[in-house]
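Everything below concerns the one structure shown next.
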Amino acid sequence: MLRYILRRLVILLLSLFIAAVVLFVLLRLLPGDPANALVGVGATPEQIAAAQAQLGSDQPLGVQFLSYLGDLARFDLGNSFVSRSSVLDEISRRLSVTLPLTLAAFVLALVIAIPLGILAAVKADRWYGLLLSVVSQVGIAVPVFWLGILLVYEFSLNLRLLPSGGFPLRGYADPGRAIESMVLPVLTIAIVMSASLMRYVRAATLEVLGSDFLRTARALGESHTGALMRHGLRNAAVPVVSVLGIELSTTFLGAVVVEQVFSLPGMGSMLLLGIQQRDYPNIQGVLIVSTLLVLLTGFLADILQRVLDPRLRKEAR
Amino acid sequence: MLSRTDMSFGAPLARGRAALATLTAVSALALSSAAAMAQDYDPQAVVNIGSLYEPQNLDNTQGAGQGINEAFNGNVYEGLFVLTDDGDVEPKLVDSYEISDDGLTYTFTLKDGVTFHSGEKMTSADVKSSIERVTAENSASSRKKTLTVIDSIETPDDKTVVVTLSAPSISLPYNLSYVWIVNDDAGDISASEDGTGPYTLQEWRRGSALAMVPFEDYWGEEPTNGGVMFQYFTDATAQNNALLTGAVDIITSVQSPDALSMFTDNPDFTVSEGASTTKELMAYNDRVAPFDNAQVRAALSRAVDKEKLLQAIWGDYGTLIGSFVPPTDPWYVDLNDVNAYDPESTKEMLAEAGYPDGFSFTLDTPDYDPHPVVAQFLQNELAKVDVDVKINIITANEWYTKIYKAHDFDATLQEHVNHRDIVFYGNPDFYWGYDNPEVTRLISESESAHSMEEQTEMLTEANKIIAEDAASMWLYLYPQIVVSTSNVSGYPLNGLNSQFFAYDIQKAD
Amino acid sequence: MSAESTELPPRRRRGNATFWLGLILVGVIVLAGIVSFFWTPYALSDMAGGRLEAPSAAHWAGTDRLGRDLFTQLMIGARIALIVGCGAVAIGAVIGVATGILAAFATRFLDDALAAFFDILIAFPTLLIAMLVVAAREEASLGTAILALGIGLSPIVGRITRILTKQVLGQDYITAARVSGTSWGAIVYWHILPNIVPFLGVNLALQFGLAVMAEASLSYLGLGAPPPNASWGRMLQEAQGTVYTAPWGAVLPGLALFALVIGINLLADGLRDRFDPARRDG
């Protein structure tokens, strides 16, 4: 197991390196010279040249790439073209919104999806089992921003229970309002996410219910539920865990949209603004940090999966 | 939103003339007793202002966008002069000033007892360094060009600033109203401030809000509220919702008439219409064929039913102006009849100009509302006269580089927010490349005019020529609408050049 | 045991019911999309209607701000949604399944490399980046958007395929098949594909929904296919500001999107219930 973790760690680092390369290439494919963005309107060619020198974009690509890797290794993400402030500082401020948002939504989605998904599979023949799968279908088909707007309409405009958007100026120093302003965004993501998770859980459980070993166990006299609990869940969990990492990363796209709907100062709105303004250091910083986070999640999910599925463990030696 | 970042390149000044004052009126829309009537207010109350224009940084010479003018002009920083909400240019940090007979030397005497938020006294050295901040090599200020007329700045003593010009400039005080007086020891002000205004910056949380509190040692009258918080939204619907739920007290500009219906029939809100200077236009690249031909431009202008467009975008709001000059500029004349809607004549004119079968062009369209909708309308209207429009959606940033700087386009859509910006047509190097020597002469001579009347006469003449030439296709004038809860009053209605003075706002309990 | 057996027939019927419901929903939208090639109530650019008219006999779904017929736009939107969904899923599935199976069979090094590559590509907000590149191109078209979405989906499909395939490969009967001399190609065809298809099918249906939805989200953010493409996402974005005065403009494209995604998922569910061998003999 330890060997596996070490190997997986090496892969993680390699992945990060490849991600850095992919990013470097991608951002240079984008049209427009970042130096133009830096100096703004009415700049003279000399000013643009000076900006290029400052950014190093007049250097050969190889040199640019090495200094880029050096900066990354020191975790120096540079300064924004537009705001002139440190990208890393800005990201850490923004993460304090996006990370709780994503994690809370993720946990809430799991809490909703796992029991309901199993129930929907076990009781697939009953009306409520059917109802549950219908509900999960509905959940998947609702666009995130549509759901967000709907929740705002009901809980903010009609019932006046929760704020319609924004984040308190003092952040978590104002805990009541900070939490209040997170409720609807978290709900929005969690509902959409739990719907698709529920389908995975249901499908995986159904698979296990139909499998030979469960039938064997039941033939040996174990009760239906007992057999499922003892042998089934563990098996059902394997494919579900494998999609968790993916789900978490799609949550990020969801967060971009949700932060837009609720005017939240998170990573998503930072990325979107960066794209609109061609603020390359900001785009690059957000992508690097979010890639890092998702790769870490994938790493943890793989190890968890290994723990859950002894067959894979054996094969890995 | 680039033109919104203030592109007024030397709008001439009409000092002392109350150009806008008479036209500024609380519109008939205001249902409740216009909030101006509110008697009691809470001097400690914090006013929450909803805005769509978050500044990118806090330094107006570093491409911070129009949001910084909204938040900081007159509130945190002050200039030697101020452009009031009524359109007057009045002395602010200047006590008095003299102009030499040749109009080339301005001697400013500064106000006494003005201190910066850091506690330092304001001196002539601060004024000199502040002007030089704007004209500096690395300044990205769009005001830079207007101040190149300044030859030298002397500071004979702490109270006196002598500015020498290379040519007379009737707009100098107007242009100086954009120059923040910043403490010369302040250093980098992209994330902090040191101004002389009635408010000091309390905190700025990027992507969310910016808070200001009254400055205790302010030299002038203290604000009638206990502070201001600008809350920033990325989307107009979210902003409207915040007003509806009481999270903000005022929204600085309304983007669509459809949102207004929620406020107009509700006694809890005041809807006010100010004087607008925001013009929607299709700018041709007048350098390139076929748009180098005035007849082609005039023909296209006749093919578009602007009334229908205005109705589609703004319902019953907004005005048609027929040129680039809004009714609030002294040189306004009604030019709606010049090249008015007459699609029949378009085809003949195009045939005469050598395009009997029409032509096709690409319309570079900024990706934010209302431009994509306007582009589709134009595409449809022009298709009827065999002119094929290809819509190319671009971001604000691409607009900057591709159109504003590289002049690489056929035609584009843009909104221009500033008042008195007809002067752009006098600059052949401006992005739309309109080059009529007569207009250039009129506009540049109006700058050295000796009187208001003379200046107005020349610019009226220029305005008429530009309209005859159909230099661009002027589509409509936006309405300027401010909505607030009915317990708030005293806010500016016109928001000229994106300013939003907060110190007179009163909030009742 | 016997108690459960008696419950089987009704479950079948319900499975059939979801299948038919899905078929009807998808069928209606497919039909609308096909018909839109030959006939729509109005021309897409016809602005003869009034501003934000409510649904009526003349305009079945009302009109937009420019007076264009919304029903026409909905029909053309159906066409675009189907093209986007099918195109993206086809590209994603071909690339994803091929690389996923390859990874599962490959040597440890190649397997690790591919697995890591899937992870990286998934970790990227690939869709956003791809669309950014598409949007930045001079000639942004639906085709490049579909390609971008398809490539964006492929690592997700690949990752799942790899894991599912590995699970199947770990089963004893594969070893038995190998011992009895079955070729790898035959194993893929006879054992792996049938075993991964039920789970993968559900996933592909989800991906279809995801692709259509991603297009809508990107349009909402202003990064979608340019006008005059009347995609449902674009319609939603344009109707956003008028949602209180003319709600049908936002509700109808939303409902259409909803019906398509739900329909395709029901269809997938129904198919799985019909063909899943484990459940058939249950």
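Annotations for the structure displayed:
Order as written gives the chain letters A, B and C; numbering starts at 1 within each chain.
As a working rule, a residue touches a chain if its C-beta (ideal position, glycine included) is under 8 Å from a C-beta of that chain, and two chains touch if they have at least 3 such contacts.
Nothing here was measured: the structure is a model prediction, and the numbers come from that model.
Set against the Cα centre of chain A, the chain with the most distant centre is B.
Of all the chains shown, the one with its CA centroid nearest the global CA centroid is A.
Centre-to-centre separation between chain B and chain C, using Cα means, comes to 46 Å. We define each chain's centre as the mean of its Cα atoms; on that basis chain A and chain C are separated by 20 Å.
Averaged C-alpha coordinates put the centre of chain A at 40 Å from the centre of chain B.
Of all residues in chain A, those that touch two or more other chains are 31-32, 149, 260, 272, 275.
Looking at chain B, residues 235, 237, 395, 398 sit in touch with two or more other chains.
Of all residues in chain C, those that touch two or more other chains are 136, 243.
Within the complex formed with chain A, the chain B residues making contact are 2, 5, 7, 56-57, 59, 62-63, 137-138, 140, 142, 144-145, 188, 190-191, 203, 205-209, 211, 229, 231-235, 237-239, 241-242, 244-245, 247, 395-398, 400-401, 404-405. The touching residues of chain A, when paired with chain C in their complex, are 7, 11, 14-15, 18-19, 22, 26, 29-32, 124-125, 130, 133, 137-138, 140-146, 149, 196, 199-200, 203-204, 206-207, 210-211, 238-239, 242-243, 245-246, 249-250, 252-253, 256-257, 260, 271-272, 275, 287, 290-291, 294-295, 298, 309, 311-312, 315.
Chain C meets chain B in the complex at residues 45, 47, 51-52, 65-67, 135-136, 138, 140, 222, 226-228, 238, 240-246. Of all residues in chain A, those touching chain B in their complex are 31-33, 36-37, 39-43, 47, 82-85, 90, 93-94, 149, 152, 156-157, 160, 163-171, 260-266, 269-270, 272-273, 275-278. Within the complex formed with chain A, the chain C residues making contact are 7, 10-11, 14, 18, 112, 115-117, 119-120, 122-125, 127-129, 132-133, 136-137, 156, 159-160, 163-164, 166-167, 170, 198-199, 202, 206, 209-210, 213-214, 216-217, 220-221, 223, 236, 243, 254, 257-262, 265-266, 269, 272, 276, 278-279, 282.
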